[in-house]
Amino acid sequence: MYDFEIRHPPDAGGHFNGFGGKYAAETLMGPLAELEAAFYASWEDPEFQAERLRLLQQYAGRPTPLYHARRLSEEIGGAQIVLKREDLAHTGAHKINNTIGQALLAKRMGKKRVIAETGAGQHGVASATVAAMFDMQCDVYMGREDMRRQAPNVFRMELLGARVIPVDSGTATLKDALNEALRDWVASCENTFYIIGTVAGPHPYPLMVRQYHVVIGQEARAQSLEQFGRLPDMAIACVGGGSNAMGLLHPLRDDDIRLVAVEPAGYGLDGDDHAASLAAGRPGILHGNLTYLLEDDEGQIKGTHSISAGLDYPGVGPELAAMYEAGRLELETADDNEALQAFSRLSLCEGILPALESSHALAAAMRLAAKMKPEQMLLVNLSGRGDKDLDTVMQKTKEDAT
Amino acid sequence: MSLDRLKNCFERCAAENRAALVGYLTAGDPNPAASEKLLDVLASHVDIVEIGMPFSDPMADGPTIQAASERALAAGTRMRDVFHIALSVRKAHPAAGIVLMGYANVAFAMGYEYFAEQAALAGVDGVLIVDIPPEEAGDFTRALKAHKLCGIRLVAPTSSTARRKLAAEIADGFIYYVSLNGITGAEMGEISEIRTQVDALRQQAKLPICVGFGIKTPEQAHAVAAFSDGVVIGSHFVNCITAHEDNEPAMLSELDKTCAAMRAAMRKGGVGED
Amino acid sequence: MYDFEIRHPPDAGGHFNGFGGKYAAETLMGPLAELEAAFYASWEDPEFQAERLRLLQQYAGRPTPLYHARRLSEEIGGAQIVLKREDLAHTGAHKINNTIGQALLAKRMGKKRVIAETGAGQHGVASATVAAMFDMQCDVYMGREDMRRQAPNVFRMELLGARVIPVDSGTATLKDALNEALRDWVASCENTFYIIGTVAGPHPYPLMVRQYHVVIGQEARAQSLEQFGRLPDMAIACVGGGSNAMGLLHPLRDDDIRLVAVEPAGYGLDGDDHAASLAAGRPGILHGNLTYLLEDDEGQIKGTHSISAGLDYPGVGPELAAMYEAGRLELETADDNEALQAFSRLSLCEGILPALESSHALAAAMRLAAKMKPEQMLLVNLSGRGDKDLDTVMQKTKEDAT
Amino acid sequence: MSLDRLKNCFERCAAENRAALVGYLTAGDPNPAASEKLLDVLASHVDIVEIGMPFSDPMADGPTIQAASERALAAGTRMRDVFHIALSVRKAHPAAGIVLMGYANVAFAMGYEYFAEQAALAGVDGVLIVDIPPEEAGDFTRALKAHKLCGIRLVAPTSSTARRKLAAEIADGFIYYVSLNGITGAEMGEISEIRTQVDALRQQAKLPICVGFGIKTPEQAHAVAAFSDGVVIGSHFVNCITAHEDNEPAMLSELDKTCAAMRAAMRKGGVGED
């Protein structure tokens, strides 16, 4: 099911067709080189891989199931919708695949402390989780605004022994938390490992995080063949930074399968209240890599909006930008309301509460499935569970009632 | 032209047996008009003016300079204001070195070529982009060179020997030695350690070496001046603005005094060295 | 891994050594007979079993992992503690094993409506979940007091399309919800299937729910042999009604393994503020079966207390009573504070937030492990995840701080 | 003795061409002292007094009788109060049938044998335990028989032919036909359907058949009286207590009136039958 070949690697500088790279402060160039060397060495080390797989299976609950949503597919009357159940992974989202990999690498590099940025709190929780297991100190940067919105995840992190550090600068959300984590790392890189939460940041992060997540697509591919005797016609995932998307789609890249990324259209693509970096942005440089960004005409990064905190980010992983420009990635968007409707529909039809992030993928999937034939198959990455979003949905339901 | 001016700055200082004073302010902080006056005061004391280009996400800066960026952007500062301020410094202070400092995306959004052209027209001598390391600098350096602008390079305590050599090779104007692993405005590192590093760096680089990050008192500045070619003061000057919100005269006069004190600390030898 | 033999069946009347039986109102005796026949027939039906297994695997995420808690074991310095990760099952607890089974049976019996009782809300959520998937109407009875304490689970059920019906009678908690569900069923049995949430109630419920949960122990047994080349020396589970306990322990009953049940000692066994039916109760008749109950000298059922709503029940499944009296089940208790400490310890040591119910099993496990040797192995049923308990723990933490 | 008394009740009624009135109240509701008086009133109207033993978890009862149980227990009612009340009814109404009704655990907690002994001593004629079906009744029925108490059996619409036969075989005193699938106090089922069921049951059982659950008006009672041997009224009588919280005289007088009206409805034929 799993294989360790690094397919479609970036160039030596970490560029995917020009995107990506290492746009970092000089202080970080040394640590990044060290990290890169350690990553490649560990990737070739069978013991490291065995331990990583052991934890993915026995700790994180991999493989996650592939589930044919029969009732939903029937109601839609188009393609068969099949869900990759990352919502069942430990801590409730795909994020744990990555934090297990990075924490193991941190341990191998002898780092006693890890830091992370978080928006919705899922990556923060996944980082705090592995830090607890590996007995490492863990500080998580989180925008003060996000801390308010996602209070239960803040408490989860604290229960796991992590310190959550509020970030007040800028828009006090995810991008500012990332800035703040980078500032910490510049000063602490000797003893600290920075666990980035998505396929962004300077090389080798986008590659590394992708490699830690390709288990999703590798499993889905094998499960699809085993359970249905075929591969899907289309695979689809939501995109915040793009880690769940790359995890699912990258291993399917060389197959004859349409690959679709879904960006959050927030209140709509007309104004600025969305976070659709590929659909509405342009190439720029932020957080260590060259990629599509939402920015003004002078390169100032824009504030974003999405109902799902995990997609509320003005950039996108560089490899997605490259695949998009190469025509290997189709683009869809779903706005707040469509995501909420998809959330509700999956809950009512299949008894699964999806994360609001994943609900974006579902919204687009339902739209696309309706135009496909019942003998076709559409694979959706259900990247996380919706329990964390209950407050948001509850509030929205209340607002709509009045 | 530009190459010469920075060179001349350092030669002049050496002749006067002092280190060059490199002073930083963010362009447009607290607003473009006041900023123009503040930079004029700054330029009247320092040898090299470092003009920060405000950016929404200044990842390498501490709270002081972050806030400066936020104030400047909130006041509507745009790149044409940055260039306008540079040009007015140039006009009033023909001999001053002028360096633009900032983040990649601002230059990238303009296009490196157009950015370099505008900088050169504004009388800028050199450019330092925090997040364009040598590895990614190809196009950018070419654009600078085409307009005779110096590409300033940073060297950090974490920089390997190979990287130091690389920086020394491709840098123009001067080398900026970051005196600590951290962000602007943090606590300065151990003086003796910095000295060791700078001395070693001299073996690899023929360019002047300036030291910055975390220098806040004339005493510290004086100590660094003893073994470096230049001392960069940033957050400490920006604090003159922070301390007098909305009171422009007070800002200007405090900046004037603060700069003078630092300028005095640049002399080599003397009290600070004992 | 799985087998379908019904081991240690009750007698024809549903008695386990005298415990159990069918102490139901005459109106229910017909429906219970019908249910019994349908259950046995379905159990022999390979198609039914295949569909049940398919859903357990592809929908609920079975097998759940068996995880060696290395850091915790090391810190304790005794037996190796191994966790059966029911917390990773869909909806966050073992409860889904049972609701999948019963909902499939309901479908087979042509029932279009299901009802359920719930305390913590976990069984209610698991019932609402399968009802959504099978397109059945679902009404869940829940004590008004529990609805207040477990508001997020109420909202989860509503999002899944279920109606949550507040129960004000009696103590307005789980036992009263069960009474109310029975009252509904008496009136609605023709078109309604009552999904009981634990191994209690009149025959065939205790047998049926046990059989739907033995996958837990069957998997754990096979995984233990595969991962560690041996069986555990001891297996341990918390007991509310006893479904997670029977699920884990029953398949190990014929092995040379010590089996331990952990009851909630609440504020302590001295007073009435606990729910330790086996440890402090005596045989009696409630909710359709003869078993150990917490009652006064005249057979009036006592109010109970446990910090974990899922253990807050004055009875216990009859088969546990029988195994206890036969000496095949050892008894331990853990009070509220011990459970909270275990909750915190597992969170900090292993990055796993356990349900407060499961924390009782963990508390006892840590105590017992400390007296065992490092080459011994102790298997703990981590019956659910602690996310649902954040409010309780947060409040308790706040109280302790003041 | 007990067997005879219930038999006599039905024979007496048959002779008077009416159905027996079976009236239920929960012992100890709203408190033991008031309850004693209420049951005295009840017994002065009805043929058979059904005395409810309060239980914490009355699963087969609707809100009215649940609340009665809760009131009784809150007032401290214990089994000795229940037996005391039964005995005082027995003394004041030597010919009345007395039946205890309740849940298994109360009898089980006393021990079936001791329970039966106490019931017999209190002058009780029969016992109806909702949640001891024939399948589980072995020990319990033996204990009742040993004390010459009738084990009353329920038959429900859902009872299979086999179960009806079984009930008919093992029952003593009378058969209680539950007129609806549901709990006490719910809406009564269709009269014609109940009649069909009762008529059919007569083919299997020689014992008198009483019908209960949900009968609330004299009209309903009269209609049921036409084809049954007895009509059980429960929630409707308990409501007399509920309606006059804390006002004992009002309870007593309303119960008196309500019982009288029901008693009048027991005659066979006449208005209700037209």
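A, B, C and D label the chains in the order they appear, each numbered from 1.
Here, a residue touches a chain if its C-beta (ideal position, glycine included) is under 8 Å from a C-beta of that chain, and two chains touch if they have at least 3 such contacts.
Predicted, not measured: the structure shown is a model, and the values here were computed from it.
S.K.: By label order, what chains touch chain B and chain D together?
M.R.: For chain B paired with chain D, there are no chains in contact with each.
S.K.: What chain is the most remote from chain C, judged by the mean position of CA atoms in each chain?
M.R.: B
S.K.: Taking each chain's centre as its mean C-alpha position, how far apart are chain B and chain C in Å?
M.R.: 67
S.K.: Per the centroid of Cα atoms for each chain, what is the distance between chain C and chain D, given in Å?
M.R.: About 38 Å separates the centre of chain C from that of chain D.
S.K.: Would you pick out the residues of chain D that each touch at least 2 other chains?
M.R.: none
S.K.: Residues touching two or more other chains, restricted to chain A: which are they?
M.R.: Residues: none.
S.K.: If each chain is a dot and touching chains are joined, what shape do you get: line, ring, star, complete or other?
M.R.: Shape = line; chains linked end to end, path left open.
S.K.: If you go through all the chains, which pairs of them touch?
M.R.: Once each pair is checked, the touching ones are A-B, A-C, C-D.
S.K.: Can you tell me which positions in chain B touch chain A when the two form their complex?
M.R.: By the definition above, chain B touches chain A via 55-63, 66, 70, 73, 78-79, 103-110, 130-133, 135-136, 153-160, 163, 167, 178, 180-183, 186.
S.K.: Touching residues of chain A toward chain B in the complex: what are they?
M.R.: 13, 21-31, 33, 169-170, 175-176, 179, 182-183, 186-190, 283-288, 290, 293, 295, 297-301
S.K.: In the complex of these two chains, what residues of chain A are touching chain C?
M.R.: Going by the criterion above, the answer is residues 57-61, 64-68, 71, 85, 87-90, 92, 128-133, 135, 152, 155-156, 159-161, 227, 344, 347-353, 387, 390, 393-394.
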